[in-house]
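Down below are the structures I want you to see.
One chain, subunit A, links the two complexes that follow: it is found with subunit B in the first and with subunit C in the second.
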Partner chain A sequence: MKRKGFGFYFRIYCKILAQDLKSKMSYRADFIISTIGMICTNIAGFISFWILFRSFPSINGWSYHEMLFLYGFSLVSLTPVQCFFDNNWSLRINVYNGDFIKYCFRPINLFFYYQSEVFDIKGLGQLAFGLGTLIYSWTKIGLALTPLMVLKMILFLLTSSLIMIALQNAAAATCFWIQNSFYVLDLVLKFKDYAKYPITIFSPVFRFIFTFIMPIAFIAYYPSLVILRPDEVPVLSWLSPLIGCVFFWLSYKFWMFGATKYSGTGS
Partner chain B sequence: MRLKKYLTLTRAGMIEALQFRLGTVVIVIGNLLYLTVVYFLWKAIYASSGTDVVNGMTFSDTLIYLVLATALFNFMEMYAVWEMGRSIQSGKIVLDLLKPMDYRRLLFWSYSGSFVMNFLTTFLPTFIIVGAVTHGAIPLRLNLLYFAVSVIMAVMINYSIDFFVGTICLFTESIWGINIMKQVVVLLLSGATIPIAFFPEPLKTVVMYMPFQSIYNAPLTLLLDGSPDIEDVLMILGTQLFWCITTTVISKLFWKVSLRQITVNGG
Partner chain C sequence: MSKIIEIRNVTKEFKVLNRREGLKGSLKDLFSRDYKIVKAVNDISMDIEQGEIVGYLGPNGAGKSTTIKMMTGVLEPTAGEILVNGNAPYKNRSRNAQEIGVVFGQRSQLWWALPLVESFKLLKDIYQIDDKQYNSMLDLYRSLVDIEPLLHKPVRQMSLGQRTLSDILAAFLHDPKIVFLDEPTIGLDVSMKAKIRTLIHALNKEKNTTVILTTHDMGDVDALCRRIVIIDKGRMLYDNDIEHLKGFFGSYRTLKIRIDGDMKEKAEKIHSELPQFSVDSDDEWISVLVDEDKEKVIDVLAGLQKKHDIRDMQLEEISTEEVIKKIYEEGVE
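Now for the complex of A and B:
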């Protein structure tokens, strides 16, 4: 079979996206309430952050605005996983009741088709919130605004996103083996809440765990160091784009491996 | 005889909870992860503050408070909003409404089984471990009795709020948005994520006048204070009792009024 090109997939994605948006618009109340819910979550997160750190000039050598930068960075980098990969949350239900088999019969990439089916607009609110926080802290810290910086910023935001996407893919794919993968997904979702703290607050043992075993530190800490502390960037930060790509590729293979093993429910 | 039908539901709930052992393991891992992050985060905060007592709480006070708040959350949270929302969307609620038992009670007692299980598997071990590790930082006197009374009222307030929010789902048909809003509001304003003692002044007063602080802040305050003034205890318990009655009456009335006007799609 001839391999289909990028243009082909892009056209298909736009078509599926349009259909999805149309169907979402028919549940307007749900859409509005969900958006408000998402905004509430972000505001509550911000308030807890503010209550915790407002009275201290610095935590562990990190100033309030640098912490805020990390927080904004994590919010922005989590947007792609929220917007484009939200269908992972329904995977276990689809697998459980047998609906997943329909995706296996399409002549396009299974993973692509499954993920393209849902686009979550709620993520855009988070993006706006995160960008606001990022810009505010950027000006407060007094970072330079050069094209190179912006380029670095985009590259490392993408890196963080890839790592979070990879984690979520892998967590969702566990449902091909265990019945209730909700807990695994929920656990991975919690990672993102911890991504906003600088890893230097942990003891060496946990620094190791959060870097190599549960890669929470890669979601915001290591990538953002390149922007925040350009004088003392560890090797892991420079390696993180590569690590992100490898992680994503591995999670994709893992997901597809589970999917090809899937035999349906017989209905 | 009257109680027997309720206890049957409790038993069924306990058996059901035993089915999801893997889920429990993942929840325990998630909690350990959360507690690790919380431990190091607050350690860093106390280290930066330069004093041992911040806002009237020492480091070990704060830690015990947060650990037990998590344990309390695992034991009280029953996802009643999800359950109600799902039954409304699928139409299953009609079958429950036809049963010869008030729906509000039916739901509560079906969850009571998992209460018992969660109390035995998460709260009690956590409590004992915390007590042992901190060498009696939790005073074991009359405060245990106050705590027990307080927790029972907290469960009822929490359930009433859940049930109230679940009833809103009858009108909106949006589950995710409503639920996420309720969750972040309750967790933040009840002092489950940050002790209320740390809130800045105007916010603190406002929060103390809301029902949410009766869910986590009230029982934990009673537990941590070894030799309290009897006036304070009566004040806290009285406030809880007031909210317990108010929220119960409001949620019952709201359910009654709503039930007259709903339309449910066939199950």
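Now for the complex of A and C:
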């Protein structure tokens, strides 16, 4: 048996993805409707954001365009979790009815195998929307476009994605212990919406919660400070790539630990 | 012949919360640490040789699934030792998975949206099967069943029978040493059952694959298994050749009759007339379990007909459940 390294998993993922896309295209109506739905959700989100800024030209020293930047940043960084880890939403159902056991019989990483089963193509619409917003606000703020900036941008987008993925993994994995983890997942989803705002607008209590307990401030706020306010970057921003990796690793371990606790329903 | 599975004094315990009744009880349970230990599998030992087909039987909740989960590496035994192909499955689930195939009767493990052939190709990559072996396996499949119409059909569009067939083919694809089949014929029609039994038999012959089969269908057992293992309440009751048991349950048959009037009362009366046999009743039937070594069913029926007005009758071969019940009550020998 050959070693199963990154190349092995990457090849398998590509093949599953290609097959999955092929079969999704065959449901054309489903594909079109869900894409339209995703666009509408994003437009609605944007409109409520826009209305808010009609009444308040700036929030706590953050201008309209800077807020837009945060908004775009959070949309882009949410794309990987939407595209690659969407099967987390079905985890509780699979665990509850015992179907989860089928993932335990393959000689590959359980977490990988489970997540590889679903690729949510709707995330791509969100990515396009987020990128558009980001580029628009980038030019409006008048940020320089140097290779270093772009590199920073990519690094911190990846960081944010990792944190979001970690939050969702951990929330989904609670279903290995509790009957209905939907509420936990939903809670994370709700809190995720606050990621679009600068954390300084919240009271110190929530600032603490969003930084250390449910680290959503790392999804957009701390990373984008590096780009937007290079003069007043707190240490936490620079730490965020590390924190992202640590959180992801912890959530992965937590998920796998839950899976080993799993015994399946009788059959 | 070599031992492929060794199970030594294996026990699996589960911690179960002692639940109280009613709302008040549930509230108390929230804070209670009042657990009891349930032994799902209790001190089981057996050896299985390469190439055997073993029927693993027992009523629902007997501990069959738990044993299989331990052999496949999903659960860790509380005590005792399991070696599958020389390795402890729980310690290295992934390596163990390479050597086994698993089919659960009603849960397809194939990719739902993909045509079967694409699933096969993915499995080829996952199990790192080389082209030569893959093609020879497909040729073997072609010679055994008509797979061409299945290959390009998405799994979700298949009938239950086709899906089970596909799952079995997928489980054998990487030429595993052992295949676990959990109720593979459940819910299938007679001809599909026969097809699947023939397929399993042929694959076992051709590849010398060890097959562990759990089922409630004695037809499966008759068609496939030389050896059967019976467990109930976590304990091993029987582990021997089927020939040995056949004599045992061949001599028992269930005579079901319908009589006007209160079934329960009549059943008691019949039992007093036939004290040597056990008599049961439900809303529709009175069942008499007849030991044909003692008396022929036909004679029992004739005797009953003289005293009662029998409206309808059925004759049933004894079911697995009943054999196991008998074994549990009286033992074998």
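One rule holds in what follows: the second predicted complex is superposed on the first by the 263 of 267 C-alpha atoms of A that agree within 3 Å, B and C clash if a C-alpha of one lies under 4 Å from a C-alpha of the other, contacts with A are read in each partner's own complex, and residues count from 1 in each chain.
Keep this in mind: a contact is a pair of C-beta atoms (placed from the backbone, for glycine too) under 8 Å apart; a residue touches a chain by one contact, two chains touch by 3 or more.
Please read these numbers as outputs of a predicted model, since none were measured by experiment.
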Joint occupancy of subunit A by subunit B and subunit C, clash or fit: fit
Subunit B versus subunit C as contact partner of A:D20, first or second or both or neither: second
First, second, both or neither for A:R106, with subunit B first and subunit C second: second
Which superposed partner A:E117 touches (first subunit B, second subunit C, both, neither): second
First (subunit B), second (subunit C), both or neither touched by A:R11: second
Residue contacts on subunit A - larger count, subunit B or subunit C: B
Touched partner set for A:L52, first subunit B, second subunit C, both or neither: first
Partner chain in contact with A:G37 - subunit B first, subunit C second, else both or neither: first
Nearest Cα pair across subunit B and subunit C, whole Å: 10
Contact residues of subunit A, present in both the subunit B and the subunit C interface: none
Complex contact set, residues of subunit C against subunit A: 14, 60-61, 65, 69, 72-75, 93-95, 97-98, 100, 102, 104-109, 111, 113-114, 118, 121-122, 125-128, 154, 182-183
Residues of subunit A touching subunit B in the complex: 27, 29-30, 33-38, 40-41, 44-45, 47-48, 51-60, 178-180, 182-184, 186-187, 190, 194, 197, 201-203, 206, 214
Footprint of subunit C on subunit A - complex, ascending: 1-2, 11-12, 15-16, 19-20, 23-24, 98-99, 101-102, 104-109, 117, 262-264, 266-267
Touching residues on subunit B, where the partner in the complex is subunit A: 20, 22-23, 26-27, 29-30, 33-34, 36-37, 40-41, 43-45, 47-49, 172-174, 176-181, 184-185, 187-188, 193-194, 198-200, 203
